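Order as written gives the chain letters A, B, C, D and E; numbering starts at 1 within each chain.
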Amino acid sequence: MGSVVGSAVYQAGHRVEDVEIERLDLACDAVQPEPGRFVWIGLYEPDEEVLHKVQRRFGLHDLAVEDAHNAHQRPKLETYGDSIFVVLRTVQLVDGHVRFGETHIFAGRGYVVTVRHGSSASYAGVRGRCERTPRMLALGEIFVVYSVMDFIVDNYFPVLHALEAEIDALEDRVFKQRSTRADIERIYELRHELMTIRRAIHPLGEVCTRMMRFDTPLIEERVQPYFRDVQDHVLRVVEQVDSLRELLTSALEANLLFASLQQNDVMRRFAGWAAILAVPTAVAGIYGMNFEEMPELKQPWGYPVVLLGILSVCGGLYWRFRRLGWL
Amino acid sequence: MGSVVGSAVYQAGHRVEDVEIERLDLACDAVQPEPGRFVWIGLYEPDEEVLHKVQRRFGLHDLAVEDAHNAHQRPKLETYGDSIFVVLRTVQLVDGHVRFGETHIFAGRGYVVTVRHGSSASYAGVRGRCERTPRMLALGEIFVVYSVMDFIVDNYFPVLHALEAEIDALEDRVFKQRSTRADIERIYELRHELMTIRRAIHPLGEVCTRMMRFDTPLIEERVQPYFRDVQDHVLRVVEQVDSLRELLTSALEANLLFASLQQNDVMRRFAGWAAILAVPTAVAGIYGMNFEEMPELKQPWGYPVVLLGILSVCGGLYWRFRRLGWL
Amino acid sequence: MGSVVGSAVYQAGHRVEDVEIERLDLACDAVQPEPGRFVWIGLYEPDEEVLHKVQRRFGLHDLAVEDAHNAHQRPKLETYGDSIFVVLRTVQLVDGHVRFGETHIFAGRGYVVTVRHGSSASYAGVRGRCERTPRMLALGEIFVVYSVMDFIVDNYFPVLHALEAEIDALEDRVFKQRSTRADIERIYELRHELMTIRRAIHPLGEVCTRMMRFDTPLIEERVQPYFRDVQDHVLRVVEQVDSLRELLTSALEANLLFASLQQNDVMRRFAGWAAILAVPTAVAGIYGMNFEEMPELKQPWGYPVVLLGILSVCGGLYWRFRRLGWL
Amino acid sequence: MGSVVGSAVYQAGHRVEDVEIERLDLACDAVQPEPGRFVWIGLYEPDEEVLHKVQRRFGLHDLAVEDAHNAHQRPKLETYGDSIFVVLRTVQLVDGHVRFGETHIFAGRGYVVTVRHGSSASYAGVRGRCERTPRMLALGEIFVVYSVMDFIVDNYFPVLHALEAEIDALEDRVFKQRSTRADIERIYELRHELMTIRRAIHPLGEVCTRMMRFDTPLIEERVQPYFRDVQDHVLRVVEQVDSLRELLTSALEANLLFASLQQNDVMRRFAGWAAILAVPTAVAGIYGMNFEEMPELKQPWGYPVVLLGILSVCGGLYWRFRRLGWL
Amino acid sequence: MGSVVGSAVYQAGHRVEDVEIERLDLACDAVQPEPGRFVWIGLYEPDEEVLHKVQRRFGLHDLAVEDAHNAHQRPKLETYGDSIFVVLRTVQLVDGHVRFGETHIFAGRGYVVTVRHGSSASYAGVRGRCERTPRMLALGEIFVVYSVMDFIVDNYFPVLHALEAEIDALEDRVFKQRSTRADIERIYELRHELMTIRRAIHPLGEVCTRMMRFDTPLIEERVQPYFRDVQDHVLRVVEQVDSLRELLTSALEANLLFASLQQNDVMRRFAGWAAILAVPTAVAGIYGMNFEEMPELKQPWGYPVVLLGILSVCGGLYWRFRRLGWL
């Protein structure tokens, strides 16, 4: 059963025993009576069999298990009697593209089950950190829920920093008017990805609020500040996403404005040169007419004078357009 | 009476008897006294006579029946004393176009009446599924209401997936700048259809909230998680609609931006070639003048030198414009 | 006194007596003591004298009467002790243009006074319909208030349908790119008119909510579903207005986008022809130079070869531009 | 002390005595004990000395007096114990430009102090009107507060009407495409001024709500409808401002759209004429070539036929472009 | 320990003793028992050692200290039991660019600790001002919190005034159409900076609301008006930021509109001159043809007449375009 990542019993903040998922019933029967003792099971994309074993053991609600199996949920907190079910969306950057995963947490008196789907970092590190602070872990099941949520939310920041760097580079190219069509397409793509990130993280603020308000026996008052802290991080992620989206929208707007201004420039420059070149054409056309009596044609100074005239008119126009900023 | 699709009496989750709408009064008189026993009648675009028979039998409110007859309602939940009246909008994709239908549910102690109008899938499947889970159906009338709502909301997803595929293809053509005018018209049309879908589904979230809050004897606490689940699906539909609308808006924006950039390209290219071609015209014009004294004209090297001069100036301009990215 | 449109005493839902406004005091003195008995007076743009007679008789509040006199109010519900004052905006289509009117309703124990201003349909029909359903009218004064509100709100639908037809036609012309400047002006005008309609109807939703919540003796629980029904219609009007406004905004956007795309088309076509026509001009210019030694000029095949060359280059360009989709 | 505009003692709605600000302490000592007796002092941009005398006399809060001195506050209602402090923004039109002023009202048991800053009409008229309706003024201090607020809000309407007239004229010029650059600048300026007006009046709605909710002994239930009336006027001002802003935004949008359409027009017309004039240039260029063997040149009919050919091609193009709507 | 900026014990509003951070435990042990006596410590970017000493002494919450150490928090108010933790963002203008800092305030019974990070003015001035008004400082710890918050909020105004001056100048250049590309880039930058300022100050309004609502023993009713005053200033900052952002958005919009109008101008002018210059080219081309029989060519008046003809047609076109406003 490769889908079980970790599974251990904790007592007063200390790991007291490892359990195998097959012997779950035996291991846990001993757990429930004692307060401060709980089992923490970590699963990764579990098959149906494992999920149902866990469901039977802890009496999880059908709808929650169904959600956990078909991973495409919105972040949410559901409460079924004394137990809670949390859906979280995780984020990772794979080859510069945002990839989402999902984590489901079932928690109740005596157990925490985390189910990981798709793209996310392993929670072995979270387990390790929890075990290194037994004083905190002694707060019970809810501290595990907090630790996983905190870890997931904190994993949004490096993704945003990477996107920020890319956006800064894109913005710079836009303002230096060296943006390519691929850049623009990437800006639209990033804007959409940021919106998706926003949708993945924003409902967590509400989840935290309900966590703090909620009065299941699971959630003690001492844990409140921790969820407030997670909520604060959620708000910061949302704020940064909004800020980045604004930058991208501004970049697109600026692109359109610059395209318009540049068209004016090209237009004016083109009009200027067309005007300058129209002069020799018109003058030469006139002296190319075949009238028999065109006295200028017979003068020896005719040609140089006309050439000089053309040059000086062209020069004059050039000077004038230059001064107008057209050329 | 072809408008009656199905009609049966249920007792403790099991179908105990089929009733004909003509003998409704007799069949149902036996129903009411016993709790856990109810009749479920399914109608499709019923005529006035059938509706009034049902109304008389179950004491439905005038306004609700009037609504059920003139199908153009907003999704809503109305409560008249102990009974509820739910209006839902159904959606189907017919030849790539979104078609809406309406379903009205009357539910009260001892009866559920579903009235289907316009475009929607039949509820025979819902009835079948309910009958296969008698444990759930034993929850009573409200479970039928839930099952129909759940079925209707879940039918939004395939429609959205089909639209998503079309939108992806459209977006792709826009970003590859191969979008036709028909594509653009379709984008506007899709954006409007998505808005209509949003309006058809969004009020359902509020309906679910009220379902969960409400304290008619019909709605037990055990049913709450089910309506919460429907609400969650509603939110996911709304979110997906919003996401698709954003994509379409971005595609339109990108189209405008690309049109502007492309105009600049055409403009520059045109200006470049005009400038290159203006050179031979101007030079040839000058040597086409009919002055008697134009010493160059008499030289045997005049013609090739001028030709060469023209070619080299044109070549120089071409090379320069190329480097500027104009050609 | 032409401003009095109708005035009658009702008892238990039946019209028992017509009263003249001059003898109001006498007629009504008999009314008040009995419950279920009330007078319904309909006024159309009344002069000050009539309004003050009515005010004195029923003890209406100064501010309400002042409002009723200067018709330019927002839709609202005011309560003064046991009596209520409702301001409604009516709408009519006059020569394709939206015209607004106002109706004020004073209602209290024993009386309903409706004051009509400006553009609106007569309420004689409402009175007739009420009198034909004495069972409902027996609900008392508040049913008259409901009937007038219902009538006013329902009168928004034909106006919206007419506008919808016009908007569909306009949208069609925009997407077929046959919209004229007058069409665009009309789109802006319609958008503003729809906004005004929205402002005229939207506050009514809030009025209905307060009607349902309110606990004056006037408003019984039995009447609640009726105001909920009005509120529902208000929401449908607002939704339809929003939908139409979106269509207009899309039409304007599409217009701008199409103008931009069309400019690109014209531009490209123009550039194409200019390039094609520049070839004979340049070549002919060169062979129009007056050099003495231009060997081609002396060949008998010179002229046809050059002509053929020009034609084949032009033809080649034409074929190429065609393939690029420029011509 | 020119900053004192008016100062009088009122008893049961009647002016009983004028007081000088110097003898305030004496005059007012007599006031407080009796209910229904209060002093109303009107100040215009008072110096610090006067303000402090008033503050000492009535025990005004430091922060309120500081606000009253530095006039740049947001409209608000502050309550300090039994007394209230209201900040209002006044508006006037000076040479077609919107100018703002501020009025601060201190009111408590036995006194009302109004402090006027900057651009606003004098409150002498308000005082006069109050004194002419002693029945209302007998409501006490709060009626003075209402009267001043009502007066200030009503003064927004003529300003809006003036702006509306100007906006109508501007809109007309835009739609007739005769708008100048100065017009556009004015539209932007008006849009900003309207936003500033909105900010100056909008918080007053909230102030009125709190006035109605508030339970200081100052505010009796009888006064509620009056503040509701002010609130209603505030909402009407806000609505009108929003409507005007929409008109301006539409005008700007229309301007951009028309500019784009007009450019297309100019473009097409230009391209049309360029194409027509390119024909004689190309043809004449060909017959201006100096080949020795160009048989047409020797025919006597050559010249008229070519001229005719040019004319007919040009005419044909002209006719065709005309039909395409290009010229 | 250079990070300690000031540290003193206050009793009944008067500074009674300076304490060194090393002897904090001794100094403060004497403090706590007496009400009205508290220590105020000011830190600037403290190292971990100092922070932990302070944390141990006053029992600060781990999460708050962690926040104080990693300065990148959103403005917020956290309450841990009887003590509060406030995060504020400070703003300064450095070389025309907005720079942010952070200030954290820990306050509880007997102590106030302010921790300053990054760009902000020193709080020595605040301490001085507090010490000069012992009557206010006697309100206790919460008055220090108020004073620092008030100081921070008031420091936003000069920054906004400086930005306003710059924005006015930019706007002026845009409307006079003399804006450069650097100006536009600056407008986008300013718009983003204003948004960042808004995010830095806006949550403070909520913090003030909670300060006023909160019932820790720290916050007395007498202090309420002071926080209301801070909140008012926050709202004014937000309003001014919004107003400036609107100006910038309008400036960008105007820029785009003007660019479009100017392009039309250039276009028309260019088309006009091209049309005028096309006349001599076409006419001269015709009389440059080499037909043997072109009778005009042989007339002595041919040349001057044609020249005159060209001139008069060109003049006519010039006059006409002038009248159309094209040139």
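Definition applied: a contact is a pair of C-beta atoms (placed from the backbone, for glycine too) under 8 Å apart; a residue touches a chain by one contact, two chains touch by 3 or more.
Molecules present, by chain and UniProt name: A, B, C, D, E = Magnesium transport protein CorA.
Predicted, not measured: the structure shown is a model, and the values here were computed from it.
Visitor: Where the contacts of chain A and chain C overlap, which chains show up?
Guide: Expected: B.
Visitor: Expressed in steps between touching chains, what is the minimal separation of chain A and chain D?
Guide: 2
Visitor: Between chain C and chain D, what is the gap in Å from one C-alpha centre to the other?
Guide: Chain centroid spacing, chain C to chain D, equals 25 Å.
Visitor: For chain B and chain D, what's the span in angstrom between their mean Cα positions?
Guide: Here the centre of chain D sits 41 Å away from the centre of chain B.
Visitor: By residue number and range, which residues of chain C touch two or more other chains?
Guide: 256, 260, 263, 267, 274, 281, 285, 288-290, 294
Visitor: Name, in rising order, each residue of chain A that touches chain B in their complex.
Guide: 61, 63, 72-74, 76, 78, 80, 181, 184-185, 188, 191-192, 195-196, 199, 252, 255-256, 259-260, 262-263, 266-267, 269-270, 273-274, 277, 280-281, 284-285, 287-290, 294, 296-300, 302-303, 306-307, 310
Visitor: Please name which positions on chain D make contact with chain C in the complex.
Guide: Chain D reaches chain C through residues 175, 225-226, 228-229, 232, 235-236, 239, 243, 246-247, 250, 253-254, 256-258, 260-261, 263-264, 267-268, 271, 274-275, 278-279, 281-282, 285-286, 288-294.
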